[in-house]
Structures are given as C-alpha cells and as structure tokens.
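One structure, as structure tokens, below. Some questions next.
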Amino acid sequence: MKIGFIGLGNMGAPMAGHLLKAGHEVIVYNRTAEKTQLLIQQGARRAETVAHACDAEIVITMLADDQALESVSYGDKKILETLAKGSTHVSCSTISVALSDRLTGDHRRVGQHFVSAPVFGRPEAAAAAKLVVVAAGDPAAINTCQPIFDTIGQRTFRFGDKPSNANLVKLSGNFLIMSVIESLSEALALVGKGGLDQREYLDFLTSTLFNAPIYKTYGKLAIEREFQHVGFSAPLGLKDVRLALQAAESLRVSLPVADLVRNRFLTLLANGGESLDWSAISQIPARDAGLK
Amino acid sequence: MKIGFIGLGNMGAPMAGHLLKAGHEVIVYNRTAEKTQLLIQQGARRAETVAHACDAEIVITMLADDQALESVSYGDKKILETLAKGSTHVSCSTISVALSDRLTGDHRRVGQHFVSAPVFGRPEAAAAAKLVVVAAGDPAAINTCQPIFDTIGQRTFRFGDKPSNANLVKLSGNFLIMSVIESLSEALALVGKGGLDQREYLDFLTSTLFNAPIYKTYGKLAIEREFQHVGFSAPLGLKDVRLALQAAESLRVSLPVADLVRNRFLTLLANGGESLDWSAISQIPARDAGLK
Amino acid sequence: MKIGFIGLGNMGAPMAGHLLKAGHEVIVYNRTAEKTQLLIQQGARRAETVAHACDAEIVITMLADDQALESVSYGDKKILETLAKGSTHVSCSTISVALSDRLTGDHRRVGQHFVSAPVFGRPEAAAAAKLVVVAAGDPAAINTCQPIFDTIGQRTFRFGDKPSNANLVKLSGNFLIMSVIESLSEALALVGKGGLDQREYLDFLTSTLFNAPIYKTYGKLAIEREFQHVGFSAPLGLKDVRLALQAAESLRVSLPVADLVRNRFLTLLANGGESLDWSAISQIPARDAGLK
Amino acid sequence: MKIGFIGLGNMGAPMAGHLLKAGHEVIVYNRTAEKTQLLIQQGARRAETVAHACDAEIVITMLADDQALESVSYGDKKILETLAKGSTHVSCSTISVALSDRLTGDHRRVGQHFVSAPVFGRPEAAAAAKLVVVAAGDPAAINTCQPIFDTIGQRTFRFGDKPSNANLVKLSGNFLIMSVIESLSEALALVGKGGLDQREYLDFLTSTLFNAPIYKTYGKLAIEREFQHVGFSAPLGLKDVRLALQAAESLRVSLPVADLVRNRFLTLLANGGESLDWSAISQIPARDAGLK
C-alpha cells in the first residue's frame, strides 16, 4: 500500500519504520524535518508538505494533541483538502472525543474515510511492534487498515462504527493507568512511612492480586524515581486527563479519581516537573507524607 | 499440632476445615455455636469457651473486626489470660494496626507469641485453600506456623518482626482493591454513558493492560450487578477503608482515593445497601451519571 | 453618553434600564429581538445589528458565555470591525481569562479600548442597581466608564491594568460562592440526618460566625428547595466552575473544592436538573445521605 | 452559685475568671496545677482533686479532647462517682458525639444532669466574654446554667433535649470554619499565582459578599502567615475534623470538603507543622501551586 505518515515522534517513527519493513511505500512528513532522516535512509520518501503525504491510499497521523492534528487537517492544502475521495485518514493520536467527532463529519462530507485508531503502549512497545490498537469507524475502512494495524501492533480491538468510540476507550484507558499510578503511590507512601520495604511490598502485590504489567511498570518507576528518562511526558499526562474529563463532562459523568490525578499533574508542573516522565506524579503523595 | 480456632464465619470455617483434613487436632469456638456443627462432624472438637480453645499450641482467630477480637483476647478467661506461655496467637482477622500493636505488647508481657497473619482472598479462595497469607512477627514463631499457612493458602509473604506490618499490608492491599473498584466503576460509567458495550470494554481491558484477576472479578461484578450474592459485605468494606485511613492518619499520610471510596460506602449504606456485597459501590458512579 | 448595549437577558435588561433612567442614550441589541421591546418603550433605540450598537462611545456586552461574546466580537461587521478607534468595549459577561486576554490584544491592535468589568449580584441586585462591579484595564478608560458603573452598581473595585484580572476575580469569587453552597449543604445534610432542625441551625450560623449575605441566601435556598425559581441556572454554574478550573489549570493551581462542585453540577445535570437554579446542587449531599 | 471548673487552658482560664468576677464561688482544678495560680490570686479555690471540684452545684469541664474528658469523668473518685445527685455536669469541650451520648446515659443513671455546651470563639473571645454558647440537654438544667452562659458568652443557642445535638452543631460549625480556610486558601493561591494583590482581593471579598468575621480573620491569617501565634493548634484542628467525620460516618453522611481539610492537616503535620496555628493549612494550596 501507499501510506502517508504524518508525525514522527518517539511513537510515530518506530511505527512508520515497521510499515517500511513490511514492504509498504511510506511517505513521511514531520513539522521538523530532521526526524524523517533515519526513515529516509531506510527507504521512506520525504514529503515536503502535508499535501504531498496525502498522495496515498491511507494517511496516518500520530501527533501530540488536538492542535497539532487540526493544523495538518484543516486549512489550505491540508488533509481534508488534498486527500483523494475514497482514501482514508487513520488518526492514531490521543485526541479529544470532540475533535474526533468533528473530523468524522468533515471527512464524510468530502467523501473521505476517517478511522480512529489510537494505540496503547509506551515507545518501547512501538519499537517492538507490540502496540495494542483500538479502532472504530466504518468496518470496511477498518478492514482495509487491518494489515497496517497487524504490522504495528500485537492485537486490534474494534469498538463500532463511530470513530470517537475509540478515543473514549483510549482516554478512559489512560485514565485507568493514571488511577493505578495514583492509588499505588498512595499505598507506597503509606507502607513506606510505616517503615516497610517498598520493593518487597510491590513484589508481593505484583505476584498476587495485582499481577498486571501496569502495576509492575509503574510501581517500579515510582520506587526507582528515574523520571528524567521520559517515556511519556508529564504535560502529555495532564493533557490526557484533561481530555478524559472533558469527554466525561460532555456526557455528564464525574470522574473524581481523574480530578485527583489532574491535581497531581498541576502540582508537579507548578514545582519544576515540566520535563519529567508522567509517572513523577507518584512523588507527590510521598512528599505530602513527609517522605524525603 | 493442637490448634484452637476461634471464628467460623465464611472465611474461618473453610480454613479450619483444611486444617482438620491436614490431620491437625482442631478445637473450634464460635460465639454462635451452630456454625461449628459441620466441623464437629468432620472431626473437630467443640470448645465451649474461649479458654477451652486456648488449650492448644496455637490459637488462630478469624473474626470480623477489632471489637470481636478484643472480646476474645481481653478479659476474664480470654486468650491473654488462658493461653500457655510459649504458645502462639495467630491473628488472621483484618484488624487495625493499633490493635495489632497493642496485642503485640500484651502478649509479649505474658510470655506468649503473637503472629499477625491476615489473608487475601474471598470465601471461594478460602474453600480452595488458595488464600495468600501475609505474615509478620517473631521469625521463629512464624516458622512454627508455616505448615498451617501452607495448608490454608497458596503462598505466604513475610514482612518482618513487627506484627502490625502485616496488618498495614493487608489494609493497604484492600485499599488497592477498592481503588480498582472505584476507578473501574468510573470508567465503566463513562464508556456506558458514551454508548459503548461495557462487556466488550472490560474484555479489552482485561486482555491487555489490566490483565489481573482483580480487574476481571470486580469488572464482572460491576457489570452483572448481582450484589445480593455477598462474598464480602459492604459494612465490612467500610470498616476496612476506615482502618486504612486510621492507620494512615497515625502515620500522617493522606489517602485521597480512600476518602472517595469511604464516601461511596457511606452513600451506599445510607441508601439501602447494608446487606449487599461491597462491590455494590460500583453502582454509585453509574447512578450519579444518570445510568439506570 | 452614547452607549451600545448588547445582551438583554435577566441581568442585561435591568442594567440597560438604569442607564436609560440616568439619561444616557442607549442603543440596545439582542439576538432575539423581543427582549428589547420593554426598553424601547422606555426610550432605548433598537439596534438591528451589532454594528449598529457599536455606533457609540462605549459598547457594553452582557452575554452568557465565551461563545456568545465571540460571536458579537469577531467576524464581519462585529464589534472589533465596527467600533470606532478610541471607543471602549466594556465586557460585563462572566467569560474565560483566555478570551479576555485575547480580546485585550485584538482591541489594542485596532486602537480600541477594552475594559473587563464583570459584576457580582443576582438579577434582583441588577434590578436594584446594587451590583458590585469588578473592573480592570486601562485606568483612563475605566475612568470614562465609572459613571456607568456608578449607575448600575453600588460599588466598583479596580484590579489593575490587565483586563483579565477582573475575570480572575469574578471566577474566583463565583468559586467561593459555590464553595459556600457545597460546604453548607454538607453541614445541613449532617445536622439534618442527625435530627436537628435545619432552619434553627442556619439561623444560628448566620447570626454568629457566618453572618454574611451569601450564607443567608444560599442556606435558605438549600432548605426551601424552590429551585424552579431560577436566578442563575445550573448549566451556567457548571460553566463558571469550568472556567475557574481552566484559569487555574493555565496557572498550574489546583482547586479541589472546585472539582467537588463541578461534580455536583454534573450529577445534577445528569439527573434532570438542567432547568433548575444552580443552588440545586445543595440537594446532592442530602440525597447521598439518604435524606428524602 | 458554687461552681467547679476543670480544665484551665487558654479557653478555660478566662472563662473561669469571668465566673469569679461575676461573684460565683469557683473551685478550680487543672492536671498541671500551675495554671490555677492566677485564678487563686483572683479568689478562686484550688481543688486538689477532681472530686474536690465536684463538691459544687455545677461542674464545668473545658478540656482538649475525649480522652481528657473521659479521664476526669470515669473512674475512681471522678465526676460520675463524686458529683451529687441533682447536680449538673456542663461539658464545654469539643468532644465526640459518641462520648456525649455515653455521658448522657451514664449521668442519667446516677441521677446527675448532663448539659452539653460547647462554645465558639478563639481565646480572645473567651477573654472578652464574647463566646457563643451552643447548649443542649434537659431544659430545666440548661435554665439553671443560663446565668453562667450569660457571663462567659454573648449569646446562647439551644438545640433541644439531646446533649449531643450541641456537639454536632459545634463539630459541623468548626467544619464550616475549616471549609472557609480551605476554599479561601485555594482562591488566594489562584489570584496570587495570577499576579493579583492578595490583600486587595481579600479586602474586596470581605467588604462585599463575604462580609463575615470568619473571612476577615482567616483571610488575614492566610496572607500574613504568622502561624507561630497559636490561637488554636493544628493538631486540635485535625482532631475536630476527625470528630466531624466520625459523627458523619455514624450517620452515613459523607463530607468531602472535610476529607480535603483532613488531608491538609495531615500534610501540614507530616511536614513540621505540629506546633503551628491551624490556619497554617492555608499554606498547602500555595505550596502546591509553587508560590513561595
């Protein structure tokens, strides 16, 4: 297939690399062009403009936020204007339910397909082609994309015809991950203040009731405190919990645990944490408890 | 071994049963005597009094709360007064850190051993001898008890010399389970209000990032709503989160997620939920969101 | 003075009426024209368009939200395009800090003045010309507007040169009012469930430590439950707490009491409260406590 | 009247002083006897024991907490054992609803009266005889005590026959004061981070909608930060919010604002605030926001 790929950050670059290796023709575009170099060496073609990347059956976007996706979708010579009728825009970014709904309508009006396919997994998972893909949209369009999903991910889950369903699943999933960080951090502060060994405690948890990757990953991060190694940054964490809360507000649903998490991010960012991994919020409960 | 067993509720009875089957001599005591009958038929001896059950090398208590444990430990002809020097009191109940510390001192003063060994697992796990035992106290005393733990549980974790360490682990572990119920209920309310299928959503979660028994068990309970089938009652859930908060308060640690959970229990109990399973708190977010 | 007045809802209409009575020439505009009729009878001129209302030294806007203010400010023949250089736009609406900052820059660029002057007071206070005006912006421009503020209000407080300062004060002030509703509702649920007379309790509070109009007004509303009489609607309450939280998020400040209030509004709106007064959130703590 | 007075801290001492000045015969008892000296010089008689102070028509207790009141009420030669039949125990301490109910029953059983009469006001108000008294209990017994209340306070509010009603009013009132500290601190952090002058902001608030002593007092304390001057200590603040939460839990009422306040106290006390005034919790929102 001929695939345009827009957005080559620490997630997009390995995803595009796997598509190349799988034999697809990949045209890569990034706002700052240096990030495309490695892929060019691997055989990708460089798109000078968004329009150039849209000269494809499928254009994939993997960008940081709503604003970035809007800037390549709307306006003069951007995706909506340049993608051919019948072609498909696959949005892998973690964006708002509202923007997903808006893109759904706008693509439909101009005869293009829109598939929402956000992914779960940190950069290491993207590098290992082990992402989990959550897809929603027109079933035929998703079927066309399935080989792509199979190339970048280990498994695809479908959530119906409405593309924003996938965004709601992604946002609520990220909310659940953050809930684990929050509650685990509270528990670690408690047992730590009580004088117990946090590593032994985490080992107990993750070899019994909480035997899930998420508890292992984030428990380890919380205890080892290497937040300078950024898999997913704190400001992006704040963005995601905000999007979850906005989607919930539109649906008239309250998420009090998300409120707590959002406040952790605000406290972290107000106190010098802008460049840390999002798991650094785990230190706020420890600090509040007077643990050094 | 000659073992006294006090407290034959839906956890204690199967635990005592396994000890009998393993060949131990078991003397059972329960405040309401009917609960001992099945065990008597299986070969247990009935203790008419607490003192009678204390005529043993080890006396195990498995009771509902602090008050129940205090009532069999303190006072005329109760455990502290009647257990022989050098014998061991193994407390499997989920009790406060404060009572555990108090019993530790009081047993030491009269030359008895005190081991705190709360267990994780619902009644089905007790019936299957699959409990997880968390033990703390004098290592030699725990070594003596290890065959017992091996009989009732699948694995034992030790947390040092101070018995109340085990209680802190138990309370914080229950807090983490409740945090899962809370956050999962919020997420289910969100996607449910958004029109997604909650079962498909749960299946996605539990086959990927949240692939842990706790998410499967409580997600299923939250969706199927069979709260009349009580594995662990709502008032006991309130008790446990209260004990976690009390232990945390003594250590000057705040647990905001525990505050949320505590309020869910209060709302449930204020609205007719006294006799339901503790997982019924999962319906409060749904109700708040206007889901029927 | 020649004054344009845009937005004649239950706040704007009495404000414009007082300006008329004070002898000003007032040109009124409202999206739905019927609302202007009474003022026309009192001597106001009807503006057929926004541009028409901008044929004035000062144009005042009193609208429901950001979107409404944007729709009369930006675009073809709207305020920014039609107001004369040197004239002043006085924004009395409760809008976001972000929109206020944006209007500040945009008005400056075209040589117009922008004064932010949100008001405190329910419709009865507007009718009695007893509003409290919070003004910020260029001091000379505010001086020009002062007679207007004196006509519609009982007192003006100034908060410096940056117009959005006034919006921050307004939003934080509304947040404090909502905090009173929340905490008072919790206290009333507590003493009510305890069997005390809520009226006697409120009388005690408001004749001693909480002797402030806000406690009297909202305590009475919470107890008498006449939420169909809408002074300020629940959806506007949600909007205001959202704007406070957004302003706080931009500044990296967490407002946990605002989170609680926001969730009360979501629960109210999810359960049939769209058309009620915002004080109806006082019934959620009562309902949670099982009070009928 | 012949009055015993037990507990001569920074509240009790001025209260007893006023009773002396009003011409009553006052027998004073304090655990640490030095605190009685000034009163002895003013004409009080020193009680060597609790029993001695109970040789009176009325014995007033003004103590720090439940434990202190229990220690003078229960046991050998304490109040319940030594106060004459028909005499009255007036409890002015801020104690739990549960202890108040227990004392009510125990005094009744031995033919003594029990009046609960907690007071509102900081030490300065006690010194100025400007306390507000909240009384509940047998009306005839309260009538007997009324001259005492008139001497120490500016006004008495009665809340029925059940003594613990007064405690519930006291605890919920203290909760409301703490809610003001919390919400005001959040608002001050917000406007302070936004660059506004906090003093001007507070002046605006307290000369308009929040024109109540409580906002003036605690706003000033929050801004001036002289927390070493202790009117009411942080550990007592934690005690009071805990008692409010316990009373609420018994009634199945949730108080989420109280949870927030409780966590502020825990954070304060975990970080060196044991000896500060309770208003020091106002600095936690400022710290979280990154304000120095």
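Labels for the chains are A, B, C and D, by order of writing; each one numbers its residues from 1.
Methods note: a contact is a pair of C-beta atoms (placed from the backbone, for glycine too) under 8 Å apart; a residue touches a chain by one contact, two chains touch by 3 or more.
It should be emphasised that the depicted structure is a prediction, and the values quoted were computed from it without experimental measurement.
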| item | value |
| --- | --- |
| Chains contacting each of chain B and chain D, listed by label | A, C |
| Same vs different contact residues, chain B with chain C, by half of numbers used | same |
| Chain whose Cα centroid lies at the greatest distance from that of chain B | C |
| Recurring contact interface, reference A-B, options C-D, B-D or A-D [over half identical by residue number] | C-D |
| Whole-Å gap between the CA centroids of chain B and chain C | 53 |
| Centre distance in Å when chain C and chain D are each reduced to the mean of their C-alpha atoms | 38 |
| Junction residues of chain B, two or more chains touched | 193, 248, 252-254, 256, 263, 266-267, 270, 288-290 |
| Of chain B, residues touching chain D in the complex | 238, 242, 248-249, 252-254, 256, 259, 262-263, 266-267, 269-270 |
| Interface residues, chain C side, partner chain D - complex | 97, 120, 132, 134, 155, 157, 159-160, 162, 165, 168-169, 172-173, 175-177, 179-180, 182-184, 186-187, 189-191, 193-196, 200-201, 204-205, 207-215, 244, 247-248, 251-258, 260, 285, 288-290 |
| Of chain D, residues touching chain A in the complex | 193, 263, 266-267, 270-272, 288-290 |
